[in-house]
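See the structures that follow.
Here chain A shows up in two complexes: once beside chain B, once beside chain C.
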Partner chain A sequence: MTCAITPVYLLNHSGEVKEAELSAEISIKHLEDWHLRWRPFMIEKLKEIPPEKHPQHQHWNWLKKHQALDGQLSMRSYAVTSDNETQGMMWVRTTGFSQIPGANGKPIVYIEYIESAPWNVCTLQNPVKYRGIGRILLGAAIELSQKEEFKGRIGLHALSQAEPFYHGCGFSDLGVDHNYHNLRYYEMTEQQARQFLTPGETNV
Partner chain B sequence: MSKLTKEWCLAMAHCEKGEYINAGSFPDANELEQKNSAFMNLVALMRKKLHLSIEKFAEKADIDIIDALQIEGNPSYSPSIRTVYNISALFKIPNKALMQLSGIAKNRYYDTQYDTLPFAACTSGNTDKLSREELVALEQFVAIIAKKTM
Partner chain C sequence: MLKGCDMKKKTLTLNLTEEEMQVLESLAQRKEVSKTAIIRLSLRLYQMIDYRLGKGQKVFVEDDVKQEKTELLLI
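== the complex of A and B ==
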């Protein structure tokens, strides 16, 4: 079975537009890139930056995640590729539940894991190689939520280094979740999701 | 139809500054385990010595490519007996030695001594040539395990 591929676009370090692909499935090629490109790059960069700036996710293992999650009916995976190189990956679950007052208990798409390639993080490489990966993956999660008739609602627990990104994307910050590694929980409502996908439109 | 149009993607890209975007659980302590580091390093070096890509290695050893990736990328991964047997046949290394090294068979001779061998430099490249140091370390290591399991 072939997975769906959507053409998407990124900006490179010079501000030029670069074609990319959003794959609705993490493939062997993406895992290979993690193993043979992301990991060696990260290992080299860790030698250059002070320990307090080391990525909190530096020991994430996408092979283990794939082994644990692949094949589960509620799980979906996505990857962004450009320049024949994986630029970001994400696993989501379609069995999450909203924690936002007013929508509490309603189904959401929950983002289990999301990461961009280390050369797209300015702490590790400045200027970054590509910009736009994070929001494209969030857009994919929102579109999945709409397709599942969850009206675009998505949620996630952000690592503290990534909290500014989720504030910037317009998520609601529901505070520290003491039941989940004391990570902050973020959720996007139906309205926020619509605003994210169509930023020029006035909210109804 | 997807709303992720070219205009939308570029507007979104302009908003990004290269921030961390990671969401999900903190690293699992198990991911730090290095229990099979000697086995994973040995496989990586032997593969490089034979100038095999990951795909070619999996094909020649008749193992799943996911297994091949796991062996080199996941220190806590436990390969199957068949996988280790096939790898030992491909690399012409005594099966018993690899079974012990991979953690499948009880490890009578080797513990931390394997991890202290100079195998640290084999985390890069797909079919890169071995450096002289890597080649020397590999040959010494293979000689040791072959002798120990005789």
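== the complex of A and C ==
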């Protein structure tokens, strides 16, 4: 069997459009890239920047996550590849429950982990190599939510460094979740998800 | 490998009691999804709980208002 691959597009540091691939499963190749490319790059860059600017996700171990989550029906993984190099990865859970008024208790896709390659993180490398990875992965989560009949609803707990990004993507901020590491919880409604996928259209 | 909704699907005839069917229909209506989606969600949740218990972990339900935590016993 083969993994579903969708063509997607990223912007490079010059603003040029670059072809990429969205894989509907993290593969061994993606994990090798994390181990052999992401980690060494991150370790070197961390030496150059002050500790307060270190990414809060710097300790994430995608190999361990894969070992813990792969094989569970509720878990799905995605990866973005360009230049034969992994540019971003994501794990989502399809058994989340909405907390937003109006959809409370209805099923959502919950984003467990989402990360861009360190050379695409502006605090580690500026200008970044590619932009748009986070939005491609969020779009994949929304499309999965639609396919699962969840109407595009997605949710996540954000590390504080990533909060501005999720605000910019149109999520609703449901405040600090004291039951989950005091991280802010964000959710996208059906309408917000539609707006995210087709930003030029006006919702009626 | 294709997973979940991307996979080729197989059809199953399900025999349910009247009461089970009522619960299934009620859940599908409240969650605004099909009965198939409820069955698939149930299977995922059951596998997730079974996986945790299989690793020797415990599953709890928590009441925020009453500040109560109760172990979900699955024997």
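The criterion applied here is as follows: the second predicted complex is superposed on the first by the 204 of 204 C-alpha atoms of A that agree within 3 Å, B and C clash if a C-alpha of one lies under 4 Å from a C-alpha of the other, contacts with A are read in each partner's own complex, and residues count from 1 in each chain.
The working rule: a contact is a pair of C-beta atoms (placed from the backbone, for glycine too) under 8 Å apart; a residue touches a chain by one contact, two chains touch by 3 or more.
Predicted model, so just to flag it, every value in this text is computed and none were measured.
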Combined model on chain A: chain C and chain B, fit or clash: fit
Partner chain in contact with A:111 - chain B first, chain C second, else both or neither: first
First (chain B), second (chain C), both or neither touched by A:5: neither
Partner chain in contact with A:32 - chain B first, chain C second, else both or neither: first
Comparison of chain B and chain C by chain A residues contacted: B
Contacts of A:49 with chain B and chain C, given as first, second, both or neither: neither
Closest Cα approach, chain C to chain B, once both complexes are overlaid on chain A (Å): 12
Chain B and chain C contact sites that coincide on chain A, given as residue numbers: none
Contact set on chain A toward chain B in their complex: 6, 8-11, 17, 22, 28, 31-32, 34-36, 39-40, 43, 55-61, 63-64, 66-67, 88, 91, 111-116, 120-123, 126-128, 130-137, 139-140, 143, 156-159, 161-162, 164-166, 168, 180-181, 183, 186, 197-199
Complex contacts: residues of chain A adjacent to chain C: 1-4, 24-25, 72-74, 76, 94-95, 105-107, 144, 147-151, 179
Touching residues on chain B, where the partner in the complex is chain A: 2-4, 6, 8-28, 31-32, 54, 65-66, 69-70, 72-74, 76-77, 123-126
Chain C residues within the chain A interface of the complex: 1-6, 30-34, 37, 41, 43-45, 47-48, 51, 62, 64
